[in-house]
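Several structures are given next for inspection.
There are two complexes below, and they share chain A, which is joined by chain B in the first and by chain C in the second.
Right, the complex of A and B next:
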């Protein structure tokens, strides 16, 4: 069955659920270990705005009671587990009465659009350049330029973002300084709006691409060099095959397999990894939601977003484990 | 082979440069021209995750995204410059002689933006909702239930508030935008029958949210709120005021200070939130049309919450009033102004914000020798420390019984202003021999620690409140708020509960029932302040600085010290005044 047995599939599925349960427990526990709570944070925000809040102790106690934060921790935990099984994360504690699902649902498309595109470009570009660096047929000039371009890889994404903002948004005025779309624009499926979204997303995407493509390029280059010494490579060349054919069918196809695994894992973690890029560009995605939720100690949103990320990562790893035998015929779970 | 490579390279170039450039052609910002649009920074660095919630009854709901600057008009607005309470939707608000019955007269002709008249029914409905909240968790429910016994409609434009006790500040505190916000009146025909806890007051098809203001919400996202002018606004229809000139106002989250500076330099933002002097000067260098409250230093407007350091007076060694006084004497407030604020503020002389209306009280306190010394007096401070049994060790730090005089100062790390100030104070204390350290904490932890009394020394602005009368700030230290360490306090975070504190509170209670401006108030303030001066439960540091830049490229008429129709806080409910005062540049 394509290298997969029923036993392996069930075992893998059990590990998937176990991973999610452990991670869900950790994300429930960690915010509660920190001092303070979301209600105090909410009243703190009100104090920041109004200078003071009269009867703040009564307000805090009232809302703690309303959200069940005065219940014993085991009661809160069981209620939480019951809710997440139904994918119900309740209301945001900091932005009541907005449901967590609405907050996530509103931010997710922006992040997925930006980061899936940026990460895919990074993956393709990085592996392409990595392959070129190791390939004998690459012009010498390109071999010199590629490592120079990878200098950006050593920059933190936040610095790259500021650098790009200054050059392309402020000095050249090619791109907007912030936001996800034009300020006065009404969202909708119009050419004008889609154009604005692409225009606003270009710099954030570029900030992600230029700091991370080197990671893929270096990994690919290493794998290509390993593959280069394999016997089948000598055979291919001895057969007089077209160099592009050898590059694609013999080298890249073999070298890219570990990169695909890494890509699957990256897909799960990319949202949490680009929080600062979204912050700098004032992009209304999941990064901003997570950042704000952590600042406000909004347990419900932290749990909701983290749970989503955990499921995404676990699912990506599960899928890649299951389809790997299809990508690489050498891998088979049938014998085990 | 090389040719193919070149083609690939060219294609990549096209992808990177040509496509974004072509996209720019389509990226117009809606239908209203920039010169008809005002863009104002929202007072938040974080996007607003629930942009479709406009139910201010729920605590924490955003109101400063334009809702209370453009849509929800206040009944009255306190003019910080004149001290006068100016009518807006309200015409008058008068107390009886005992100050426990207040009668509100509403202006005639006010309408909600859907055309329904704004009436006494809306006011009664709003306050009855707050009175009926048994959980006391709705915004303003606790205050309302603390003061209001009942509310009655007298006629369509008159409402009577029957209070539980005399309150001469009832109008000032809850209806005049004393600080930031106000009790905004709810449209009864929208909120009636809704659950006040879960209703979001957002349904564009029904025209919600609605208010009485001259702008209507067009779109709301976590980072942008677009408001277009309502040409049927009651103010213009009744001839009370002409329509505001801006056709559109956008409230936007602009992120970091660097981003605000770039946007203002490029005239993409007409009003930014508070920024540092360095950023302001950088903006002015690129965009000379940018102005601030004053033309030269301090540039900034003082917001009403002076910065201070509080002691937990029940925790050793800060239960010793002489040691508290010593710390106060060490602090050089002028140096804080120069180093932490780069000259954009002034040293605090007393507990109070230094507005014109507070000057008589401040001057009297200073004249009585109880003002804070702007330069400090280190020798006098050291004498007090040594009198408490401390001696300097080899490192020049005071020590007693083998333990140094440790002064960890807790500070909310969210603001560079707070941290900078505490760092200067720490250096001053260490130079004088106190083992001081800065303890940066998250905002929540810092607030929790002060609320529960889990601190020794903390930076804060807990006595914020007074702007034109002294009671509000003085009452923050009232022993009526006292709770033991471990219980959450709603005031008096220093846990000041000595005999002196009780005597102080008794005087403050006397002030509390006197009419505003009563001549008896000043001598009582002096009498009470003596207890603060003697026991030093907190230390006044400096006035709060808000450097709010305005761009005059597209719009003029921004509030400044010379055009001072009111203060420049664009995040307050009083911003309605600013919008009505804006004029197109060159018009």
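Right, the complex of A and C next:
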């Protein structure tokens, strides 16, 4: 059995909270090291924006009270940590009485759906191509063509998104230019709605896939080459096993495991990339929320959304780390 | 987070060990791993873009990169915009909707992106070398601490943190942005160097040096460091790519430096003004294309260094 001990589990859980604590502290601290008080600046912006709002003074007073502007910094810091632990980020400034958590909640399913879909396609495709690149049975033509496709790997997802949008949505008009489902459509489990969601989601997903599959392919190729040199490979071949059986059971099975750890490490980059793609496609996930919030200088929403994504990433990494020993029996977390 | 996730392909493979030569050709002076096609292509692309930025300044008026210095919305010569205006050779790459010349924008913007990459990666590498060597050599609690902190930092989505920070700071300078990005650029080199130092520490030549009475400092920098150089280069390029990526992301979201023109900032304005729908492809197209080239160049350079550092990758790539 995989070697998850209580000790490992607790240690891993501690690291999870440490990650969130460090991220939260950096977010809180650095703006305060900069000249000028961010909250004063924000209230100033509110005064500008709220010129026509009847009770703007009361709102500002409420916010001053809420942020505890007059309290010493350590008190503010502790209160801040207390608030974010409960996912209480206050209210959106642009859509005033709406709590930030509600805005995040509405965008979350879209982001998660797109992320899961695009990531699974990427992972499968990348590892498949990477395995082909290293396998000696691969046709020559494929070995020549796959590296060409890797050129896209280097592109930031946002550039790929712009190119795809221009070619397939603007020039060819195959896909819609923006949004995540047809305008005026009622979300529900109808065939029409699901079709529309797929139609709208194809390009954003494609943008994520083409920029990231190469990363997995490269890693997989490296691992396959390492596995190729192992003695048991010679034995398997000497036994006269079917080459496909050797490829699947001996090479891929061993080579893919470190890829899962690599996946945990790149998750942060992946989510950042997706946020930008969503923004380009005006997909109604976290990316659009963040961009709208930046435009409206809606600091509470920016902070809430970003922090939520950070927690989401840390959580995913935690899950991968806990599940990994079950998949890879060679790993054992008991201290030897 | 597991202690065992150093991938085996990054184990001790000394760059000086050439792959088994089939003939005596290994004594040919041109048969050196440093003459790597990918590396040369990559470096050429990067140099070309840098030259565009450096030489371009001599031949093109960079003041045209500011607003209201040129006619609005002009396409490149040979094309006509939606209002029927034809492009002129005075603005070979066209102009955008607030009267900025695209060529000037690119000439000023491209080196800025590299600058951010170099600053952030430079700071990240320096911290990484210090922490990586300390972790690998001192070991014990120091190693535990450095390992945990770098494992933790590496999983934080950098862009998210930077978005929050930069949305609070109203004005941001190029160098400030680079330093903020550098805050997250050290864990990768730290992990890499730590792993290498750990495996090299037990190797024969280091033991030999220790027996001959070499100081720790001299072992670190005379014995181990030279063997790490291809790794360090690859890591530096990877880091610079990551930094430029983060910078471009922030700029396209409208959070970049406002006083200097940047490629990402140009894309931000283009998207904000619906350049796609107005079919002003030259506006978003040139910066996007240049950035794409830049990233391809960086990737090829990185792959080149990887192959130099790891002969096993080289062998099978033929």
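Keep this in mind: the second predicted complex is superposed on the first by the 271 of 336 C-alpha atoms of A that agree within 3 Å, B and C clash if a C-alpha of one lies under 4 Å from a C-alpha of the other, contacts with A are read in each partner's own complex, and residues count from 1 in each chain.
We adopt the following convention: a residue touches a chain if its C-beta (ideal position, glycine included) is under 8 Å from a C-beta of that chain, and two chains touch if they have at least 3 such contacts.
A quick note: this is a predicted structure, and the numbers were derived from the prediction, not measured.
In the superposition on chain A, contact of A:7 is made with neither chain B nor chain C. When the two complexes are overlaid on their common chain A, residue A:265 makes contact with chain C while staying clear of chain B. In the superposed model, A:105 lies in contact with neither chain B nor chain C. In the superposition on chain A, A:280 makes contact with both chain B and chain C.
When the two complexes are overlaid on their common chain A, residue A:82 makes contact with neither chain B nor chain C.
Shared-chain residue A:166: touches chain B and chain C both. When the shared chain is aligned, chain B and chain C each come close enough to touch A:295. Of the two partner chains placed by the overlay, chain B and chain C both lie in contact with A:177. The interface of chain A with chain B overlaps its interface with chain C at residues 34, 36, 41, 162, 165-166, 170, 177, 279-280, 291, 293, 295, 297. Residues 34-37, 40-52, 54-63, 65-66, 92, 94-98, 102-103, 106-107, 137-139, 142, 162, 165-166, 169-170, 173-180, 182-187, 191-192, 194-196, 198-200, 202, 243-244, 279-282, 284, 288-289, 291-293, 295-297, 301 of chain A touch chain B in their complex.
Residues 12, 15, 18-19, 22-23, 26-27, 30-31, 34, 36, 38, 41, 134, 151, 153-156, 158-159, 162-163, 165-166, 170, 177, 218-219, 222-223, 225-226, 228-229, 258, 261-262, 264-265, 267-269, 271-272, 275-276, 279-280, 290-291, 293-295, 297, 299, 302-303, 306-307, 309-310, 313-314, 317, 321, 324-325, 331, 333 of chain A are the ones touching chain C in the complex. The residues of chain B lying in touch with chain A in their complex are 1-2, 4-5, 19-21, 23-32, 37, 39, 43, 46-50, 52-53, 55, 58-61, 64, 135-137, 142-143, 146, 179-181, 197-200, 218-219, 221-224, 226, 248, 250, 252-256, 258-259, 262-263, 265-266, 268, 304-305, 414, 442-445, 447-449, 451, 461-462, 464-465, 476, 483, 487-490, 571.
Per the touch definition, chain C reaches chain A in the complex via residues 1-2, 4-5, 7-9, 148, 151-161, 163-165, 167-170, 180, 183, 241-242, 245-246, 248-249, 252-255, 267, 271, 276-277, 279, 281, 284-285, 288, 291-292, 295-296, 298-300, 303, 310, 312-313, 316.
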